[in-house]
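Same chain, two partners: chain A is paired with chain B first, then with chain C.
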Partner chain A sequence: MKTHLHIDWTSCDGRGLCAELLPGVLDRDDWGYPVARGKVGRERTDVPLRDADREAAREAVFLCPRLALSLLDGKAPETGKQVPGQ
Partner chain B sequence: MWAFGRVSGFVSLALFTGSVLLGILNRSGRPLMVLPRFSISLLHGNIALLATIFLGLHVGSLLLDSFAKLNPVDIVVPFLGSFQPFWQGLGTVALDLVLAVVVTGLLRHRIGQRSFKAVHWLSYGVWPVAMAHALGNGTDVSSGWFLLLAASSAVAVAAALLWRLSPSFLETSHARQGNLP
Partner chain C sequence: MSQANDTYPPVPLQPAQDTTRQEPRLLAAGADAGWEQHVGTFGSSEPHTAGPGLLEALAEAGLTGRGGAAFETWRKATAAAGSVRKGLFPARPVVIANGAEGEPLSFKDRTLLTHAPHLVIDGLIALAAALGGAEMYVYAPAAGLPHVQRAVGERPRGKRIRVVQAPETFISGESSAVVNMIANGSAVPTDQRRRLSESGLNGRPTLVVNVETLAQVALIARYGAQWFRQAGTGTDPGTRLVSVSGPAPVRDVVLEVPGGAPLSAVLREAGMDPAALSAVLVGGYHGRWVRPAGHTLSPVGPPSRVVRPGAGVIHALDLQACGIQATARIVSYLAGQSARQCGPCMFGLPAMASVLNRIAGGEANPRLASELDRLGRLVSGRGACRHPEGTTGLVSSALEVFAADFRAHVSGYCTGPGGAAA
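Showing the complex of A and B:
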């Protein structure tokens, strides 16, 4: 099962540590918030990770100053809810 | 023991000053020259831990010292000391607050962001209390090198605090105030 990096948008403040630790996965928007590269919709909140990025993602979860990140290991992200604007 | 107690207190204060400065810088979301943001975050925490170790050495060595006449109860209850109880009590207050800040900092992922943050704000109170304890209780206050460190630390922390309160503090403040490139 694939690992996903979940971004809790109510906690996120766009400090940019995660984008530094996962430069290939996350970019930052003009306000500093993380944007998953090449992803749209749901995958911007539950970002699929390659195995090689897993360790860096763990660091990002540990260091996020707002505790806004979590790893969904082996669990499928919730698919039932519709994200507004999709 | 007496000399060691003084020097370790001095080192601890200098390290806490560094940790406070890095913490404020970290909050702004800006990297520092070659240091990325996550390094500043790690450095902030590790310097604080190192400062706490020196604080433990400071208190531990003065507990064993015959001149300081420190009682174990002085570690927990402030203002009971035999020598300058008020200034020594400030040191007790700082020690207990530091322990609270460090323990909640280490348990951040367990206790949640809200409680962590509520306690972490105390750091802004700890630093002046620790500095007052050093100035009021220290026996090296008259020496030049001590005054130089105290004055430069105070200026640095005050400047960082003013920067912290300024509207352009956040890295993204420009965009967040509605000015997009």
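Showing the complex of A and C:
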């Protein structure tokens, strides 16, 4: 079960609290918006978390003034195991 | 673009020299096909009786979405079907035929809705039936609306289909924007914690399917997967519509080409000589610049030999045009089309457009190209929709294909005439 920190970009205003609480996970861009360190693609919107960062992430979710953060637990990726119509 | 409706049937201006020639499938019923022409051409069918067997046929056919992402249609439909069963009470799913065509260089969906609305509706009804009786919508821009409404009024069971007008913005066809428009009257993308196939319109499992994809579904439902695979290649079966445009006097034309078609053959069929072109934009404004020779159109394969058809846009640039100026205009447009909801897109895209315009304008600053690259990497993957990475992809292809022009520009001259830096 991997936990992801989901950033709702339509709500985020770049206040920067999350980057302060999770300095190892999030950096800030030219305009102050969070950037997931060392991640590319959609992992910059659903940021995978290490167990050690989970508590700080929970705090960031709770404290974000724009309510732009949430935690996603164990999201099952779409697999190739699907059977048509079932 | 306004000529799109005049281009049927798609008669090649020159005999094709490659294996691109394709008997029309989707537009076989002819211009402005009404119900009788439609049934007369394709035969009668009972799309509302389709069951889960249709999804198996779609899997066997290997049909991929024709709206841009080229995701396998059966997977998308099966995911929605799975979500229907997951809840305590099964939620009635929703299928939306997406005819929004915000790509300024795309006109194939408009052409299809004008001439073959019944084929699209057959596919919509069949897919909705295969999901156990889904709610049905057609989402179409003003140009396609009257044709859809007429078709809905002409056919049995048409009343069950609701028709919603799509606004003429670039992102109006993004799937969460489609759902948002139907639910709230606002065609901007929404944050997605869950996939639309799990929770879309009013929380129901929702499938947003491009209109051409649905027309292909209708043909597969009628004639089967084996018939579908008679065109195209093993990895890119069937046919697709492409909107081809180029330097004057080349006319805008919609062509139906087999999967895996060589780009140069498609260009020739549209009346262009690949040797007289500097580059071709394939896929749309979120697509990629490539050289006119050497690539085939397919959603899968190595990028050195294969270019993804995306939304089916093929736009050729002649040898005199400056690719950097062309790209700068497109990126400026894309920056203006940001919904201004997500910070990285709202600030990053105008920043990219500004740097690109400085390069196009001939500012002799060798750092500009790397700054453009940095900004592209910065915005990528950070938004409710894929507008940032789509724009980045276009810019990086320009940096690659027009590398020599970039060097010339940042040294203070433009290799093409008519440039500000010339």
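The rule is simple: the second predicted complex is superposed on the first by the 75 of 86 C-alpha atoms of A that agree within 3 Å, B and C clash if a C-alpha of one lies under 4 Å from a C-alpha of the other, contacts with A are read in each partner's own complex, and residues count from 1 in each chain.
Throughout what follows, contacts are C-beta pairs under 8 Å (C-beta built on N, C-alpha and C of every residue); 3 or more make two chains touch, one makes a residue touch a chain.
None of the values given here were measured: they were computed from a predicted structure.
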{"item": "First, second, both or neither for A:Trp9, with chain B first and chain C second", "value": "second"}
{"item": "Touched partner set for A:Leu63, first chain B, second chain C, both or neither", "value": "first"}
{"item": "Dominant toucher of chain A (residue count), chain B or chain C", "value": "C"}
{"item": "Touched partner set for A:Trp31, first chain B, second chain C, both or neither", "value": "both"}
{"item": "Contacts of A:Glu20 with chain B and chain C, given as first, second, both or neither", "value": "first"}
{"item": "Chain B versus chain C as contact partner of A:Glu43, first or second or both or neither", "value": "second"}
{"item": "Common interface residues of chain A - those touching chain B in one complex and chain C in the other", "value": "11, 14, 30-32"}
{"item": "Sites on chain A touched by chain B in the complex", "value": "11, 14-17, 20-21, 30-32, 59-60, 62-63, 65-67"}
{"item": "Residue ranges of chain B in contact with chain A within the complex", "value": "26-27, 29, 31, 36-38, 41-42, 108-109, 112-113, 171-172, 175-176, 180-181"}
{"item": "Of all residues in chain C, those that touch chain A in their complex", "value": "52-56, 58-59, 74-75, 78-79, 81-82, 130, 189-191, 193, 341-345, 347-348, 351, 378, 380-384, 389"}
{"item": "Interface residues, chain A side, partner chain C - complex", "value": "6-14, 29-33, 35, 39-45, 70, 72, 78, 82-86"}
